[in-house]
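One chain, chain A, links the two complexes that follow: it is found with chain B in the first and with chain C in the second.
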Partner chain A sequence: MNARIVHIAANTFREAVRDRVLYNLIAFALLISGAAIFVGQISIDIERLVVINLGLTAVSLFGVVIAIFIGIGLVSKEIEKRTLYTVLSRPVRRWEFIVGKFFGLAGTLVVNTFFMAIGVFGALLYVAHKFSAPDALILIALYFIILEFLIICSLALLFSSFSSPLLSAVFAFSLFVIGSFANDLRGFAGLTRGVARWVALGAAYLVPNFSALNVISVVAHQQPLGSQLILHNTLYALFYTATALSGAVLIFERRNLK
Partner chain B sequence: MAAIEILGLEKTYKVGFWLKRTKRALQPLHLTVEEGEIFGFLGPNGAGKTTTLKMLMGLVFPTAGTARILGHEWTDPEVKAQIGFLPEQPYFYDYLTAHELLDYYGQLSGVPATDRKRRVEEVLSRVGLTDVKGVQLRKFSKGMLQRAGIAQAILHNPKLVFFDEPMSGLDPLGRREVRDLIEQLKQEGKTVFFSTHILSDAEALCDRVAIIHKGELRGVGAIEELTSSVQGKVEMVWQGTQIPQSMKALGAECHVTGDTVRAVIAENQQDAAIDALRRERIRLTSLTPLRTSLEAYFVEKLQPASGPVQAESAATKTVGAV
Partner chain C sequence: MTLNSMTSRQRTTILASACLAISLTASILMLRGTDQLRPQATLEDSLYVNSPSVIKRASLGFDGLMACIYWTRTVQYFGGQHSQRGGTYNELAPLLEITTALDPHMIPPYQFGASFLAPAPPNGAGQPARAISLMEYGIAHNPDNWQLYYNLGFVYYTELKDYKDASRIFAQGSEVPNAHPFMKILAARMAQHAGDLSTARMLWSATFETSHDKDIQMNALEHLRGIKVDEDVIALQAAVTRFGERTGHLPASMTELAVAEQLQGLPVDPDNDPYLLTLDGRIEIPHPEDFPFATKGLPAGYKPVPPRFHSKS
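The block that comes next holds the complex of A and B.
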């Protein structure tokens, strides 16, 4: 990878760490350990199911909130505070800046997810006393969650490249909510006719399909996940991310930094 | 070779809710800055100085025109490795220390890892930031941030340095240090282009200046030439508080400051005035032709009657003012 992108990504990661973004891990640790103790006391035979469901949902939600709230400020904050001026007056291309920022935020989320995953496995060990082979599926669910983060980061960056932080947050969060029900939207399109069908179908395919990336319930019930699904989800997430990032670059390349 | 050639750069913004109205921030600007000179870009607030600098840095896109920097197209990213830029009222990543900030900028400018640490220490010491190791920029005063800004602009040993209001936020001692630094940069063979509205700084430092007002170039030339026009008057200075009646009769405008008298008189009355002082046994300390100050020239160029300079090239770079 281009060295300047690596330096910008490393600085973005450092900013997140210094701004105490990783402090969310403390809240997550308290939540997951509290839940494990509580579930261990009240559940009979479903401790494992509850801990995986709760743990992975928390990993996803914590990450989404971080991705949106850091992502929307990645470009606009740099313009507002004019820190961008001394970066772009160097031999740095605008697309390198956007891509570097993206990798910095994605790296932050991967590290964050890694530590939260340790928490989930710790809680699982506490309630189930041992790991079983199907627990490896949790790793696939975590991988899909990271793919989900990549899409959200790129969307937050896209909105941040032309809109205010508040509007960017609204857009990104709305897309996250709608995308989480993308399969339902496709189902709804199948029930309608005429223009409504095409509108619903268009919207269903345009918004990111987060419901396809959500396999938490499947993993919690120890149902198998096909390699085909892993491949499709990977390609889908990478394509969606690359498209959104390209949009962000196209807009940012033309933007006057007044 | 010219360090900077601005060839008709202009900027018009669309304003209003429907973006139907236009506001011209910069009229077509033609300007040449030679290598190795200190060039002052003067103008009141809102004149278009920062817009011009931002266009040269590729931060704002011009509506029309082009420019060449160090012989290359100004949009060529690689030319930026040879340029340093200090924005107006700089703000940096405040979670970093000055050392980390400069190291980061060194990486982006392509300074080799083996040289970076040494260069960072060197430039920090050069701008007077020696005891800041481990201190985050959020704890820096405005003056310290300005020094850090200057440090980042010269870190990668650029051939051409752009400073936007470099003295802003500095105390008198700091301003003096920055003036010395700019002079040192010139001695090292670098070209310095700086914008300011502090005329004393420009007068003390610049080889040439350009005056811009309401987005329009109003005058350009060498400092000595802009200030060399004699107004047909002389200034006479003597010790004491006594003003002879004969001097007043000659039409002298006299001002007493402490124990010094300054009298301004028409040049053709000079001999008569000297005779008058001799008769009163007053010893003349100095007699100098009254020249236009940069301030007077600047004020004159801001008047509505003062038209724009149409074009300025290396061939006509002496005094382009009209």
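The block that comes next holds the complex of A and C.
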């Protein structure tokens, strides 16, 4: 990878750590350990189910919140503090700046997810006393969650490249919510005709399909996941991320920074 | 250190800390007061959305966690209503339906529904049709789970006394891979001995042994205690009849009956309290309120009370 991109990514990661982003791990640790201790008392027969559902949902939601709140400020904060001009006055291309920021944020989220995953497996060990082979499916769910983060990071950067932080947050959250209903949009398209059908279908394919990446319930019930799904989801997330990042680069390249 | 010798910052810190502690304590006390004023303002007020599909959509894909939350609410709701002994179970069906719509593969809610949704009040919600719908929904989503067939057959047997359908369901369940062998036995017994107490005991024992839910186990235990009392009373009543036929008069006391029948001591109920013999020769339970599911030996005019689970065996 381009050395300048690596440098920007490393700085973005350092900045996120300095901004105490990883403090969320403390909240997560308290949540998951509390759940592990109390779950046996409040839920009957479903302790394992609760720990996996709660753990993976928390990993996903914590990550989404971090991705949006850090992502929306990645460009606008640099402009506000005028540090962007210092960066761009060096031999750094604008697209390198965007891509570097993306990798920095994605790296932060991967590290964050890694530690949270340890917490989930620890809580699981506490309630189940041992691991079983189907528990490895949790790793696939975590992988899909990371793919989800990549998409959200790229969208947050896209909005950040032309909008204010507040509006970027609104746009990103809205897309996260709509993306969770992507399958419903497709179902809605099936019920309509003519222009409405094409509009609904277009919207269904344009918004990120987060429901396809959510396999938490499936792995909680130890149901198998096909390798085809893993391949399709991986390619989908990479293509969608590339689309959003390309959009961000296109906008940022043309943005008047004076 | 006196208050005057402190810096302005230290004074602010102490005052703010004191204010925080006092305000927090006061707010907790006020909330406790409000809870006492509105003791019934629990789940019945807070189940704003009854539609499973709306809640599923509102969960933004995290329906597994939502199902766990709703299941916990269901158990808490049942426990709360049950401890009131007289409360209704109006929200039990929607809670179970929401839980299973969010996660159709979560099995405990179906078992809970079979035990507490179908029985008539005060033992349950008195909604056998919804219990059957719930079980059928569960079987449609988990066709390889024999316990769901057992639960459905159980509702047909205990609440609807529909032995034909119960037999059919048990037979279907016995065909499921890894089904418990007693499913075949139950299917056969439904055809010939459906109304027997021994069949009822077999079903409740199976429920007790196959469930890990404390409420379900306690409910099964109470039914088993009731069946034991019914069997004892039937046997003792038959002994009174035999005594009358042999001697031409009723036994004067339970001791006389025990001696005549060569029993080892006075016959006692599952709580070790001796059964009573009335002047007109009826066998009665000394504490019928401790056996809410007993149907024999109840004093004349006795009104059943809501069941109270206890660990007496």
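The criterion applied here is as follows: the second predicted complex is superposed on the first by the 258 of 258 C-alpha atoms of A that agree within 3 Å, B and C clash if a C-alpha of one lies under 4 Å from a C-alpha of the other, contacts with A are read in each partner's own complex, and residues count from 1 in each chain.
As a convention for this text, contacts are C-beta pairs under 8 Å (C-beta built on N, C-alpha and C of every residue); 3 or more make two chains touch, one makes a residue touch a chain.
The model shown is predicted, which means the values in this text are computed figures rather than measured ones.
When both complexes are overlaid on chain A, chain B and chain C end up sitting side by side without clashing.
By the touch criterion defined above, A:D184 reaches chain C but does not reach chain B.
In the superposition on chain A, contact of A:L166 is made with neither chain B nor chain C.
In the superposition on chain A, A:A196 contacts neither chain B nor chain C.
In the superposition on chain A, A:R90 makes contact with chain B only, while chain C stays out of contact range.
When the shared chain is aligned, no partner comes close enough to touch A:L235: not chain B, not chain C.
With chain A as the corner point and C-alpha centres for all three chains, the angle toward chain B and chain C works out to 150 degrees, nearest 10.
When both complexes are overlaid on chain A, the residue A:A27 reaches neither chain B nor chain C.
In the superposition on chain A, A:F210 makes contact with chain C only, not with chain B.
With the two structures overlaid on their shared chain A, chain B and chain C come no closer than 22 Å at the level of C-alpha atoms. Overlap of the chain B and chain C interfaces on chain A comprises no residues. For chain A in complex with chain C, the touching residues are 42-46, 49-50, 52-54, 57, 60-61, 176-177, 180-181, 184, 210-211, 214, 216-217, 220-221, 223. Contacts from chain C toward chain A in the complex involve residues 57, 60-65, 67-68, 71-72, 75-76, 103, 105-108, 212-214.
The part of chain A that touches chain B in the complex is made up of residues 3-4, 7-8, 11, 14-15, 18-19, 81-93, 254, 256-258.
Residue ranges on chain B touching chain A, taken from their complex, read 13, 54, 57-61, 77-78, 80-81, 83, 85, 87, 89-93, 95-96, 104-105, 107-110, 149, 152, 162.
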